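Two complexes are shown next, each including chain A; its partner changes from chain B in the first to chain C in the second.
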Partner chain A sequence: MEKRLIKKDALAGIAKKMAEKLHVWAPVKKEDNVLFAPLKKDNEPFFAYLNSKNAPKNVFFPHTETMMKYTRTPNGMVFSSEENKADEAVLFGVRPCDAHSFVLLDKLFDQEKYKDSYYISKRQNTTVISLACVKPPYSSCFCTSVDGEPVSADGADILLTDIGSDYLVEFITSKGEKLASYFGETKADTVAETKKNEIAVKAKDAIKSKIPAHEIKPILDKNFDNPFWNTIHGKCLACGTCTYMCPTCHCFDISDEVKGSDGVRIRSWDSCMFPLFTKETSGHNPRSSQKERWRQRTMHKFKYYVDMFNAIACVGCGRCVMSCPVNIDIRKIVEDISKL
Partner chain B sequence: MENIETKLREEASRLLLEKKVDVIIGYEKGTLPLTATPCFITKPEDTEKLVWNNLCTQNLAKYVHDLITQHKNSQKRVKPEDKKKKIIGVVARGCTTRSLIIHLQERQYGRDEVYIIGVPCDGYIDGKGIKVAVGGADIVEGSIDGGQVKMQTSDGDKTVAFRDVLADNCRTCRFNNPIISDVMIGSPAPAMNPDAEYEDVKEFEGKSTEERWAYFTKEMDKCIRCYACRQACPSCYCPTCFVEQSQPQWVGIGEDPSDTQVFQLMRLYHMVGRCVDCGSCISVCPMGVDLRKFLKKIDKDCFEFFGNRAGSSMEDMPPLGKYDEHHDKQDFIFNP
Partner chain C sequence: MQNPYIPYPVVVDKIITEVDTKDIKTFRFKFVNPEDEQKYAYIPGQFGELSIYGKGESPIGIASSPTQKGYVEFTVQKAGVVTTALHEMEEGTVMGIRGPLGNSWPLDFLAGKNIVIVGGGFAFTTLRSLINYMIFEDNRKRFGNITIIYGARTPGLLLYKDELAEWGKRTDLNLNVTVDKGDANWKGREGFVPTVCKEVAPSKENAVAVICGPPIMIRFTLPVFFDLGFSKENILTSLEMRMKCGIGKCGRCNVGSKYVCKDGPVFSLAELDKLTPEY
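Right, the complex of A and B next:
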């Protein structure tokens, strides 16, 4: 597909111009955090960021989402569906690891057996514009160990790569091409492409943190009861930081909030780290302690997801590594498992 | 601090060898630059892992409570004559001992169930503050040396003064040395600057109700309800937190601002006379919510009205846990 060049300082202007017509999500600086937020008149996009504090999964899979509403009337219950109300949107400037997470989430929310209309409607109406990492944002980044690359179009409709003086704009899908008019007229030549390929190789080499993520699946297959699982969770606080920051964690809870005769059914993020997670009505919890919860988190990412979808449910963004209040490092866990 | 580390390891090793304790909760080096992380040592040879420096952030009293509770639960179905006692050793600085005192005053466990290895403290580095100090760059490597924090970052080498990145609670700490201990490692650390303890609060009190409410709602908007603050807090030990009760359900589980505010307000009120300003909730918060402003306000009120500083001595009982029929002023009930 077509490739173009834009001047580097033009990026914010393009995002803002898009925001006039479309619902644009972009990295925005809020105090000390960079977060993906709707671009409005009163905020500026911030593209000089390493990576956003939390993953942009909330664009497709919000923390809290109304599934339906209901009202009790003298003639019985009246239900109203809330799905398929997504506006046309653009997710502007996500890092390739996060774009990769959308491909992984699609496997679950948009599969043959089960189609999650809430997720799909937002996903289909959103164009993803990736901003390649020309240098690794953090020394704890390990995308290359989990099928990712710092300069990758995986999961993106448009890929932007900083090639020095300009951004190379690559339209990856026809959905991306529909936004071509925003990106000027300058066609990219082969020189720009060669430059980009060189940058991509360099960026890949610069990822120094590596984990044997692909080696541990057969080990996990056989080691559900290994005493190793006693060694991770001791210091775990059982907070939900790792799962809430994670681009691929997708467990949710469904609850009804009722006020008088009106009720709202919402789904909201849940976390396998919470004591309430998988607690049954009887009071019994098959995952009774943090040990079982940590085994679940590790197994889900590196075994169950591979069993189900032939893909590791981790993109190597390192958010859980950096955000964990007590420094439980998934890289070390994977490393340790590989030695079992 | 190296001398203290050596002594700490020796003492820890001795305690385990002599079976004075079953486990020692301390700190070890973290996997990220400029971090230390809680660890549990049960073998004398593993005491080499122990560190004590300005990166040791978490209040370990939380784990003392956790381990004792777990142990007691595991002993529930054991015959009285077969019941085993477990003694937890803990590396404790001033604020950690304050939390232990609160646990003891609230009768969570007996004094003989915890062995306190006291260490002097001159404060820890504010993990989020140091990232701000280097302009949000990635810290690749770092070390603390002679009052300087030296770092290799993605934007080149940077050095900041230790005192500039000291956590706010440490800066104005009143009790940086252990209040109670079974053994004390090293000599007491020099005093911090407690006179400035309530400066932020006084400024906050000077604002109008609207401004204070605006600040509260702005901070609460950042909260993602991961509950890291509650989980890290040694004083938050309810077996089931009210936000997790479902019959009745006290708060919604969604992102509604009022639900988040109710959670945080309830937690704040439960901290009356129980917050030791250890800074754990602030250091673990992934979103940088300024919880300390509100906690310090409660702490100040508690001191001014009841003369109590949480966990500052075994005798000074928490105001909500004592009844004094001769001195309690109850006028406010009749004359609001």
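Right, the complex of A and C next:
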């Protein structure tokens, strides 16, 4: 597909121009963090960022969302409306690891039999513009160990790569091409392409943190009862931060809220790290301690997801590594498992 | 795109108190929109999410058989928020049901075989669905001998007493009802389910055992069937786990790589052996 060049200082202007017509999510500074937020008149996109504090999965799978509404009648509460509309949107400037997470989440939410229309409608109506990592943002980045690359169009409709004075703009899908008019007229030449390819190779080499993520599947297949599982959870606070930060964690709770004569059914992120997550009414809990919960989290990412969808449910963003208050490091867990 | 999270509206048509402790009731629902009954075409062994607006949802096995037209039934023990609210409902109330969810008893696998049904206590609901399906006149010839062993702690805790009486009169099935301890009026069998299984000693020949009950009953019943020579492929059961979505997305009911809601709840012992023992 087509490739163009834009001047580096033009990027913020393009995002703001899009925001005049479309719902644009872009990285913006909020106190000390960079977060993806809707671009409005009172905020500025900030593209010189490393990665956003939170994964942008909330664009398709909000932290809390209304599934439907209901109303009190003389016969009790009755269904009143389904809440399932998605505006045309652009997710502008996500890192390739996070764009990769969308491909992984699609496998779960967009299955043949049960389609999650809340996720799918937002996903279908959103154009993803990835901003390649020409230098690895953090020393904890390990995307190359989990099928990712710092300069990658996986999951993106448009890929932007900083090639010095310009961004190379690659339209990856026809959905991305529909936004081509925002990106000027300058066609990219082969020089720009060569430069981008060199940058991609260098960026890949610069990812120094490597884990044997692919090697541990057969080990996990055989080691559900290994005493190793006693060694991870001792210091875990069960805060759930790792799961909330994770771009691929998708577990949720469904609950009802009533106010006056109206009510809503909502879904909110939940976490396998929480004791109540699997606790049954009888009191029985199949994952009764933090040991079982850590085994579940590890197995889910590196075995169960592979069994179900033939893909590792980790994109190597390193958010869980950086955010864990007690420094539990998934890279070390994977490393240790590889030696079992 | 049909949204699998939106329940079908149903009217509570009939409430039957099943047990003398009054904490287990059967709820018969009729669809508010008659066309929804077609969409809710189910197979014995499947479950539904009973949906009470303002309270939440609870996953419950379907207790009626698809051969019973015009309604769908669930037998529910009063336990948590949703089931307590349900137990307080009156006939005529509108609520919702989602589903049908999960796999089912494998009817094609069961066809042509002798079927041994073993149920304990309250875990008899989807077995009742299967029995009523198999003995329905158009279906009966598809199945061989039907042996039923059903036990409860006391006579008052037996479910579906009228139906048990009807089944007892039939000559095309072998019904064995037992209670742990009878009362003054009890003329039937006394004894634990595993013991009765040993006495009845169903033949393993061309037979499948379908076993549902409390964990303690299962633990002592399985060895009896192993001794009778039943293979793990020919022993089926149904699992329960905490659930929310019911469609394999919310992430809590997995046993290893299988979601009980979507890939189960019915598994053979051979299949369970391949899963992690975390349920």
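Criterion: the second predicted complex is superposed on the first by the 331 of 340 C-alpha atoms of A that agree within 3 Å, B and C clash if a C-alpha of one lies under 4 Å from a C-alpha of the other, contacts with A are read in each partner's own complex, and residues count from 1 in each chain.
Keep this in mind: a residue touches a chain if its C-beta (ideal position, glycine included) is under 8 Å from a C-beta of that chain, and two chains touch if they have at least 3 such contacts.
Since the model is a prediction, treat every value here as computed from it, not as a measurement.
Chemist: Taking chain A as the common reference, can chain B and chain C both be placed on it without clashing, or not? Answer clash or fit.
Modeler: By the criteria stated at the top, chain C and chain B fit after superposition, with no clash.
Chemist: In the superposed arrangement, which partner chain does A:S255 touch: chain B (first), chain C (second), both, or neither?
Modeler: In the superposition, A:S255 touches chain B and chain C alike.
Chemist: So in the superposed three-chain picture, is A:Q124 touching just chain B, just chain C, both, or none of them (first/second/both/neither)?
Modeler: neither
Chemist: Go through the superposed model and pick first if A:L108 touches only chain B, second if only chain C, both, or neither.
Modeler: Second partner only.
Chemist: When the two structures are overlaid on chain A, which partner does A:N197 contact: first (chain B), second (chain C), both, or neither?
Modeler: After superposing on A, A:N197 lies clear of both chain B and chain C.
Chemist: Would you sort A:E82 into first (chain B), second (chain C), both or neither based on which partner it touches?
Modeler: So A:E82 only meets chain C here.
Chemist: Tell me the contact category for A:Y138 with respect to chain B and chain C: first, second, both or neither.
Modeler: In the superposed model, A:Y138 contacts chain B only, not chain C.
Chemist: In the combined three-chain arrangement, what's the angle at chain A toward chain B and chain C (CA centres, steps of 10°)?
Modeler: It works out to roughly 90 degrees.
Chemist: In Å, how small is the closest CA gap from chain B to chain C once the two complexes are overlaid?
Modeler: In this superposition, no C-alpha atom of chain B lies closer than 7 Å to one of chain C.
Chemist: Could you give the residue numbers on chain A that contact chain B in one complex and chain C in the other?
Modeler: On chain A, the residues that contact chain B in one structure and chain C in the other are 253, 255.
Chemist: Along chain B, where are the residues that touch chain A in the complex?
Modeler: Where chain B meets chain A, its residues are 30-33, 35, 37-40, 58, 62-63, 128, 131-132, 136-138, 140, 154, 222, 224-228, 230-232, 244, 252-256, 283-284, 286-288.
Chemist: Tell me, which parts of chain A touch chain B in their complex?
Modeler: So the residues of chain A touching chain B come out as 30-33, 49-50, 53-54, 62-64, 135, 137-140, 234-235, 237-241, 244-245, 253, 255, 257, 266, 268, 271, 274-276, 321-323, 325-329, 331-332.
Chemist: Could you list, by residue number, the parts of chain A that touch chain C in their complex?
Modeler: Interface residues on chain A, with respect to chain C: 67-68, 70, 73, 75-79, 82, 84, 108-109, 111, 113-118, 120, 224, 250-256, 258, 263, 265, 267, 270, 272, 277-282, 286-287, 292, 296, 299-300, 303-304, 307-308.
Chemist: Under the definition above, what is the set of chain C residues touching chain A in their complex?
Modeler: 1, 3-7, 9, 52-57, 79-80, 83, 89, 92-96, 240-242, 244-245, 247-257, 262, 276-279
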